[in-house]
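Below is the structure I would like to discuss, written out as structure tokens.
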């Protein structure tokens, strides 16, 4: 059984309409017998058979338009596939044979051997001069190790200010390869997953943070009933007006940004000799995209309204999931708020995002029986989990900070508070 | 139909003429079928003009004369030595295409061994080429002629005037044959020229001009033969206008909707292949048995040419880079 | 070796080529009895007869078209177009026909022919007798475009062009005709097409040019030498296909490149030369590639002050050379 397709009737023609079928299923046709009448933008023509055989199926109805190359009918060729070879097949066999000659490689003009290395392009030369860079410190990633403009830019951005580096950036060349424990041979192997650059970077940073930072951890339970009521009251209209969701997470981010102003030491970084307290409150938020973790930043979160924060979260999450985050989107964070509640966690221990000194996990809001005074009440409860760098912070300040966040949330008033 | 007894054509000649016309027609028809079947991207036809072409071809000496045909001249080039398989190789754009190695669209005839000069697509450029060739014949004192053919559409081009003017000045052994099928794609003759006859322009060029019935191969043969005789006798060039018919649309990409149905009907009735066949039957030059044999032979020839060409390989992609200039070491 | 003008050298080449090969013939407007409007073909008809030195009607497309036909028949026509700008009616025959004959026939046919045309300004020729029109033709594979800059080159390149088996466009600078004089080898003398020529050696800057501008650049280089800068001067000689190797070598040698043409700047031949250098010599460049050309106006005006304003001269080249030297 052979499928016959719509022929290309005329230069620039892309489709054809079956005007009439001149055969029906079961009809015997000879090569070059007309089969159907086709109308195209340029011509109307009778399309002949290219085989001797019997029509077995008509695939396109009269009046229907299909693209050139789409199947239009089926034919049972006399003698079958092993009989007289179809002309078409002959063509594809012979015509598409790979030419024996090797493709002519374009000749490289016979210029001086470009021995990469220290040969500097005009723009690299200029940048080196402008920034007083010692070229020995640069690593070339171009052809033959040539130093590219990007190499210099990367050096300028990451080299001397490496400790300032924020969040998970696009993959960089790895310098150390951590030892991978050998898998026990008794374990049956399944699919091998190649580790992506981003994944490698995440792994490197996690190991670094976990090994360098003495993590301490505390958790506080927060009554989020007011928050739930406030948010429920506004969420439908908010979505309608603003076009994105008013999430619980936005309220926590807003609360953290306000409280950090009172506890600036949590908004700092450690570089061995000094602790730098940041004026800007730039909150990193973790966003997962399949196998990748991105930590985009809401800049100057304390200066933003709740709406502004909700919008930033929505935008950054969208960008993360569509791989549109820029380096700028992910740089400059001073404190991380992690929405672990989004996947149902009620308790977790975050790894600090170096060189920040703390990370807050906002867990899932769960309705639970709670004593209020002596009365048992059904309340919406949420755990806030804080990991701190014990080199910088102690339990006292961390507890005060967490308590202040707790109070902010619990003191929300569904009747009087606005979400704008 | 002019009686062949008014010419030197023998009965064998007449049979050969008919055979060439029929072969060209069948080849052409096959190419249309292959186009409609989606196997050939493009076809441009000789159908309806075979009488003119064959009459002209038989009047020339294909061993020495040079032809500069235009895209409809399948019958003309067939007589001069283009084989059915070569036509099909060109139609299928195969590497062994003798006309261009698969570079040009079909209908751009060329074959040096058969005295057929290479053609481009910009019309009428072949006139000065043919005139140039005839200048060479005059310069070298050779008894040869060059023929340029063209549709009446091409007579509006500057190269037509420039070439004929030069040929007239030097009384060159040159023949210009206009195959006037009355259409330049869709533009009818009355929107192309104001003269009664294009052959009248000959007076302005200082050469012999003559209009002839292009559906009559014998009549065309006669005027072309006379033109050739004048040319080799140093009496100069000729402008022959053969009034002809285009039975098909301009090309496989054209719908022909600008022509009325009754006109197309009448064209079919005046088909030169039919009228010549009837003449030959009446004159008893051929009979039905002969016709049957010839049809069968030609069908076989066309089938074989189709299959062979279709099975032939394309040129290697890198052949694109070849023959821009003379390749001294590996040409 | 005789001292000949650029024009005499061209005529000498025609004489020698026609004596050597009966297939060579000359055709064009006024080339016969008058010997050409510039007298390039003077005396040829007397020696070789009317058929081989043919006065044609005033029809450029036919001059070229009949040459294509004759060339395909094995002749070696040398067509003259009286002034380069009058070649335009023949462009279809040059670009669509002559240049494509070999390629489109898969090497079955070829057209060994030369089209000579005087070009260039500075002779009070105004808009239609001063143009540099080479840029129209220098992107046409299948065609060769040659511009000689000295009498010896004019002879050697023209003889090579006539012997070449592909069509060659041969542009002669009409101001050079009687201005330039030099030693020219006698008899059969050819210079290979497709090869550029170092006309002067130097290690401070490289000037790449062609035609009359080579002579102007040579004058400017002598002047510049007094300032302590030595210019390398590369004469392209064949504008298509370009001698890329020589261009890259000359540009890399000094790293400072000045490209000069009498044509107007935009889309001119030197833009392509610049691209070749840009692609191949990035690490050898010591200055931006500089281009010196005519202004981007339709053509060269008639009135002397305007003509001078447009026309290239040694001073303009000198100033630009100095600027580049001091960069």
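For reference, chains read A, B and C in written order, and residue numbers begin at 1 within each chain.
Just so it is clear, a residue touches a chain if its C-beta (ideal position, glycine included) is under 8 Å from a C-beta of that chain, and two chains touch if they have at least 3 such contacts.
Note that the coordinates shown come from a computational prediction; the quantities given were computed from them, not determined experimentally.
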item: Chain nearest the overall Cα centroid; value: C
item: Chains most often in contact, by C-beta pairs; value: B-C
item: CA centroid of subunit A to CA centroid of subunit C, Å; value: 59
item: Centre-of-Cα separation between subunit C and subunit B, whole angstrom; value: 41
item: Centre distance in Å when subunit A and subunit B are each reduced to the mean of their C-alpha atoms; value: 65
item: For the subunit A and subunit C complex, residues of the former touching the latter; value: 109-112, 114, 119, 121-122
item: Subunit B - residues contacting subunit A, complex; value: 30, 33, 35-39, 41-42, 94, 249, 252-255, 306-307, 310-314, 316-318, 321
item: Residues of subunit C touching subunit A in the complex; value: 244-245, 248, 252, 279-285
item: Touching residues on subunit B, where the partner in the complex is subunit C; value: 66, 68, 97-104, 108, 110-112, 117-118, 120-122, 125, 127-136, 138-139, 146, 158-159, 162-163, 165-166, 169, 322-326, 331
item: Contact footprint of subunit B on subunit C as seen in their complex; value: 25, 51-52, 56-57, 59, 61-62, 64-75, 77, 89, 92-93, 96-97, 100-110, 141-142, 144, 164-166
